[in-house]
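Chain naming follows the written order as A, B, C, D, E and F, and within any one chain the residues start at number 1.
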Amino acid sequence: MSEIAGRMAVEIGAHYLKRPGPGRGMLLGGLPGVPPAHVVVMGSGNVGKNSVRAAVGAGARVSVLSIDGDQLRDLEELYAGRVETVLSSPQVNANVVAGADLLIGAVLLAGRKAPVVVTREMVASMGEGAVIVDVAVDQGGCVETTRPTSHVDPIYVEEGVVHYAVPNMPGAVPRTSSLALTGLTLPYILRVANDGLAAAVLADPALRRGVNVYRGHVTSAAVADSLGEPCTPVEELVGDAG
Amino acid sequence: MSEIAGRMAVEIGAHYLKRPGPGRGMLLGGLPGVPPAHVVVMGSGNVGKNSVRAAVGAGARVSVLSIDGDQLRDLEELYAGRVETVLSSPQVNANVVAGADLLIGAVLLAGRKAPVVVTREMVASMGEGAVIVDVAVDQGGCVETTRPTSHVDPIYVEEGVVHYAVPNMPGAVPRTSSLALTGLTLPYILRVANDGLAAAVLADPALRRGVNVYRGHVTSAAVADSLGEPCTPVEELVGDAG
Amino acid sequence: MSEIAGRMAVEIGAHYLKRPGPGRGMLLGGLPGVPPAHVVVMGSGNVGKNSVRAAVGAGARVSVLSIDGDQLRDLEELYAGRVETVLSSPQVNANVVAGADLLIGAVLLAGRKAPVVVTREMVASMGEGAVIVDVAVDQGGCVETTRPTSHVDPIYVEEGVVHYAVPNMPGAVPRTSSLALTGLTLPYILRVANDGLAAAVLADPALRRGVNVYRGHVTSAAVADSLGEPCTPVEELVGDAG
Amino acid sequence: MSEIAGRMAVEIGAHYLKRPGPGRGMLLGGLPGVPPAHVVVMGSGNVGKNSVRAAVGAGARVSVLSIDGDQLRDLEELYAGRVETVLSSPQVNANVVAGADLLIGAVLLAGRKAPVVVTREMVASMGEGAVIVDVAVDQGGCVETTRPTSHVDPIYVEEGVVHYAVPNMPGAVPRTSSLALTGLTLPYILRVANDGLAAAVLADPALRRGVNVYRGHVTSAAVADSLGEPCTPVEELVGDAG
Amino acid sequence: MSEIAGRMAVEIGAHYLKRPGPGRGMLLGGLPGVPPAHVVVMGSGNVGKNSVRAAVGAGARVSVLSIDGDQLRDLEELYAGRVETVLSSPQVNANVVAGADLLIGAVLLAGRKAPVVVTREMVASMGEGAVIVDVAVDQGGCVETTRPTSHVDPIYVEEGVVHYAVPNMPGAVPRTSSLALTGLTLPYILRVANDGLAAAVLADPALRRGVNVYRGHVTSAAVADSLGEPCTPVEELVGDAG
Amino acid sequence: MSEIAGRMAVEIGAHYLKRPGPGRGMLLGGLPGVPPAHVVVMGSGNVGKNSVRAAVGAGARVSVLSIDGDQLRDLEELYAGRVETVLSSPQVNANVVAGADLLIGAVLLAGRKAPVVVTREMVASMGEGAVIVDVAVDQGGCVETTRPTSHVDPIYVEEGVVHYAVPNMPGAVPRTSSLALTGLTLPYILRVANDGLAAAVLADPALRRGVNVYRGHVTSAAVADSLGEPCTPVEELVGDAG
């Protein structure tokens, strides 16, 4: 689902940069003689990578910031000069964000609250009519000024900047999402249906990693950590149940 | 301006394919394992060319139909296998349009009414939740079911298909449009300001071609033809004024 | 060798689509104004990946079907919109195969019989003069209508569709094959020649994995499984021999 | 039709480089660690351009020789380092052709006999099992050792080199050819059918250029020149007929 | 020759950005995590186009400024989002040049003095250790601070910025230059040698355009204009000589 | 740092191929009608990979030689026909190197002396005015004729071939190098500063691998092997220190 969100984020940003509405009135890809919009992607994980790809496809100028040197190397290799890769630090981030036309918040940590990497001050530095799409809103957002919105009333303006922060973005493309989910989860569902949950979980490590709560016990270390609760490995619980 | 409209058409189509709203709920570029949307561009002139480019950038499957073999050859050369080029005829068009997810109407003739190349029946064959963006609406539209809408209330549904048909699409990106217009028209404006309109028109053939009406006389052959009025070459009128 | 077979399969398909002969009389890459042939690659492993690459190079429209979501993701990333990636299931396969001009059977499992993923009914749905190249023929074929042919008499027609199913396809390009084999196997040969087989097998895990039978015992789990025989790890046998 | 022939030439060359048969036993595109075949295209017109494109797609090393600096510039711009462009002269040609794996003869002059740019000596320098596809055979061939063959018995070996020299190559892909011809000629046919030949020829310069003989008079300067006959402009003849 | 100079300019700029020497100590193409240098190309003619291409190849961030909208459109089409195209005006130029790492002066008018489009103030705004390569130095330079240097002592520093301004840059790659010149001029030389100068000039318009002075008369309008001398068409002089 | 050296090597080679100086007087990327220089990269590790990329960007003809089949496969996949990949062996190397215009020595083994893969005889076969950049000079060089030079006097000529062999090449681009190093090492430095060296080394395997000597003991197996000294795992030493 993070691939969907990453790709959608650019389409959504392009939409809200246009008028009527509070956006800047720009075409993401520019024109001959008119430079394109500057898209800044915060994060180089699965969401960020897909946003970079979509922004490149749309013809924007693209910068991607991350603390993960290996992911930046992969992006630099794939896009060979087409994308500016930047090792992230608070000072560097402030410089790159100032004047950005579209910022995509894509800093997510599996099962944890997202860290805030874009401060209110940095938001203000983007200027009137810029747009932020904070994909990390599902996990609290990685932009200080983010608050969740809905598919029906998706945006608000703060510090002059349009914010889009709808949790569960893939809900807007149900046909694509469900085709992807069906294709990918069918093997797991068949396994659980055939073998029972306990046996399936014991036999398949990928399935095991997907279990967050089991019979009232938190079984994911990350979730347990975030909630301040103890974590019990699912293998133990399932073994008991056997 | 046709470059802006051509590029915008794909962003707009991508937007209305998403939910909530009457669209199909698809991501234009698909996902690994889920095929992308099928974008059909009718026309290979300046609007069509720019729509093709934007649709390719967005990762869609793209077909372009035209009666102009040379323009198709250029597109095929530039996109080498990435775009399906099709010589247009009523029978072929019907086959290609059926099942398209997004159709872009880009058949425009300078200063004339656009021909209708997509019939109501073909629109119905696209199916529920498909989207049409008729860029030719400024000249009457090249889709039978097109009627003009506005930036404030831009879409309607007919035959189950979402129609976007806002005249003057570049009005939605005033910053980009005005930068382009300023850059491109400044030399002409300076010439008119310095030399007077009559002298400038006599001296500069490009400027001369841009004059449609002069002192109450129609000076453009295409406009005259459409209105059923006589056409007077601007050189003669300007000469009189000299 | 699977790289050779994968790339050759497209050249061979292109050849048998042409006349004289029972093929459809099409140019794989199409022309400006004439859409290219539709190539469907079943399988995204080493053979499939190389077929996809060759088909893209030839300018065809390309779909690749697989149950391996990760391999599809890699292909989608590499070809960015140029190739349609599809998560495979019996229903989906039938839809995609119908009307294909060239189908490449590339579903192979190391050391096992290939599963049949294309039924006789699906073959018939391709229509007169379509072409199938079943690279999996070395392992029984992944198309129901496949039977082995030879380099001298390589094709037959069944259900109206041309079948090419020559085992050991790389035998047709001996210069390329032997250069590749020499370059890649020389280090192993030198090791065996210098150290003796037993010592070399003990020291080099890659070499060990390549031993299928040793002194009359089946040493490969996959081979043993297919034959219904017991499997003895080669380390034990070699240790005995020491 | 020259586009079809240019693209087909590479597929055909790839086929005859393979065994069984007298070819070299090579894979056009090579393998990781094994360099690809060297394809030399003589001529940069419509045939040559399409052969270059197909050879690049197939992964070959490609050199194109021509006396037309502008066409070479266009190719160099389009393929940016992927193709070696060489200004042709007898000495240079001999160096480049020696050792080529596949040579494509694509030097054609509209309506004239092709000049011989590859001598018997140069053919011999290619070595055993190399392949020549002489697309210019329709106009006498641009290779000294070329003699016409047929779709049924398409090749012969001379100086150790496989020669393919079938006139009317597009006849092997009738489906593609006839779609292209129908699409491109339909407008002319309709015009002639509606207006009569004389009126259509007078009104349409493109149609006029296509008339080689009219009522027993040679009307094409190139054809007249080749045959040593006088040339009468078709306008005059048609005017008489009017 | 302007193609050579355009491509060389980027290699030379890359060299002087490195240490030891007064340059900024940067790698033109950057690294994963470190943005590349910003190359600004002034002019989109033959020199500018080739500089853009070389700078893109080197992995730099590239902006190209020009007053020629058509040339910018071509560049934007070819490089699809990889290059920032900017319609030039004094205000815009100042903004883009400030902070550039490498500026390439490529504003040349055939046979005329180059206009100064980069002022001393703009040079100073680039900052310490930036580099300017003024290809227009052959025609006086398009940068205010340019003065001619030599292949032996090619650079000087002014306003903190390294200037390279060697006239006749192609002299540094004599092998490449002479191959190109021989290939391109041989047909003209043969014609003059065979037919005599007068006849050749009369028969070949391309040759005629290349004559700047003939028997003491200026025959090129541009040269005459620059020198304030009258211009005599070469046809007249040659006709007299006949 | 090997990325910097790999990319710089091509820029440096391009510079020394130009005049004045002992180089061949060639433009690396050639011209329309004039083939580009042939760049041969020995080695496909991090240095080699980056040299290949830069040479491709510069428009050269590129061959890369290596004994690592997997790395060649990756390069072949990434550059699809643009780069010739060759499995290295003494005989093959001699053939490929003969006549190369620029050779980049990029065979480095972590912490060991580089093997000599280019003999004096092979150097001589390159011919007058060719250029060698031996990036492996930091580890003794992989070319027989290499001897270390300095940034101030970087080249010498031997066997007619220009040699560049400056250890610590990244020292020429201090701005780029230090940005990269700061970004990449900051996390490690912070960890050591916060936790103390012993604790940090115990906790972080990446840091542990970077320790070559600790309290007078060699802790890197590769370094110990090269020096003929015993190797003590750093974990033991640190544990003792605890």
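Convention: contacts are C-beta pairs under 8 Å (C-beta built on N, C-alpha and C of every residue); 3 or more make two chains touch, one makes a residue touch a chain.
Only a predicted model underlies this, so the values are computations on that prediction, with no experimental measurement involved.
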## Note on the structure
Via touching chains, chain B connects to chain F in a minimum step count of 2
### Query
When you check each chain against chain B and chain E, which touch both of them?
A, D
### Query
In whole angstrom, what separates the CA-based centres of chain C and chain F?
37
#### Entry: Centre-to-centre distance between chain E and chain A (centres being mean Cα positions), rounded to whole Å
45
## Note on the structure
Among all residues of chain B, those touching at least two other chains are 29-34, 56-59, 69, 77, 80-81, 87, 179-180, 183-184
### Task
Would you identify the shape of the chain contact graph, picking one of line, ring, star, complete or other?
other
### Message
So which chains actually touch one another? I want all the pairs, not just one.
### Response
A-B, A-C, A-E, A-F, B-C, B-D, B-E, C-D, C-F, D-E, D-F, E-F
### Query
For the complex, which residues does chain D have touching chain B?
53, 57, 78, 179-180, 183-184, 186-187
### Summary
chain D partner, complex, touching residues on chain B are 67, 69, 77, 80-81, 87, 89
### Residue ranges of chain D in contact with chain C within the complex
3-4, 7-8, 11, 14-15, 17-20, 24-34, 54, 56-59, 151-152, 171-176, 179-180, 183-184
### Message
Please output the residues of chain F touching chain D within their complex, sorted ascending.
### Response
29-36, 56, 58-61, 63, 69, 72-73, 75-77, 80-82, 84-87
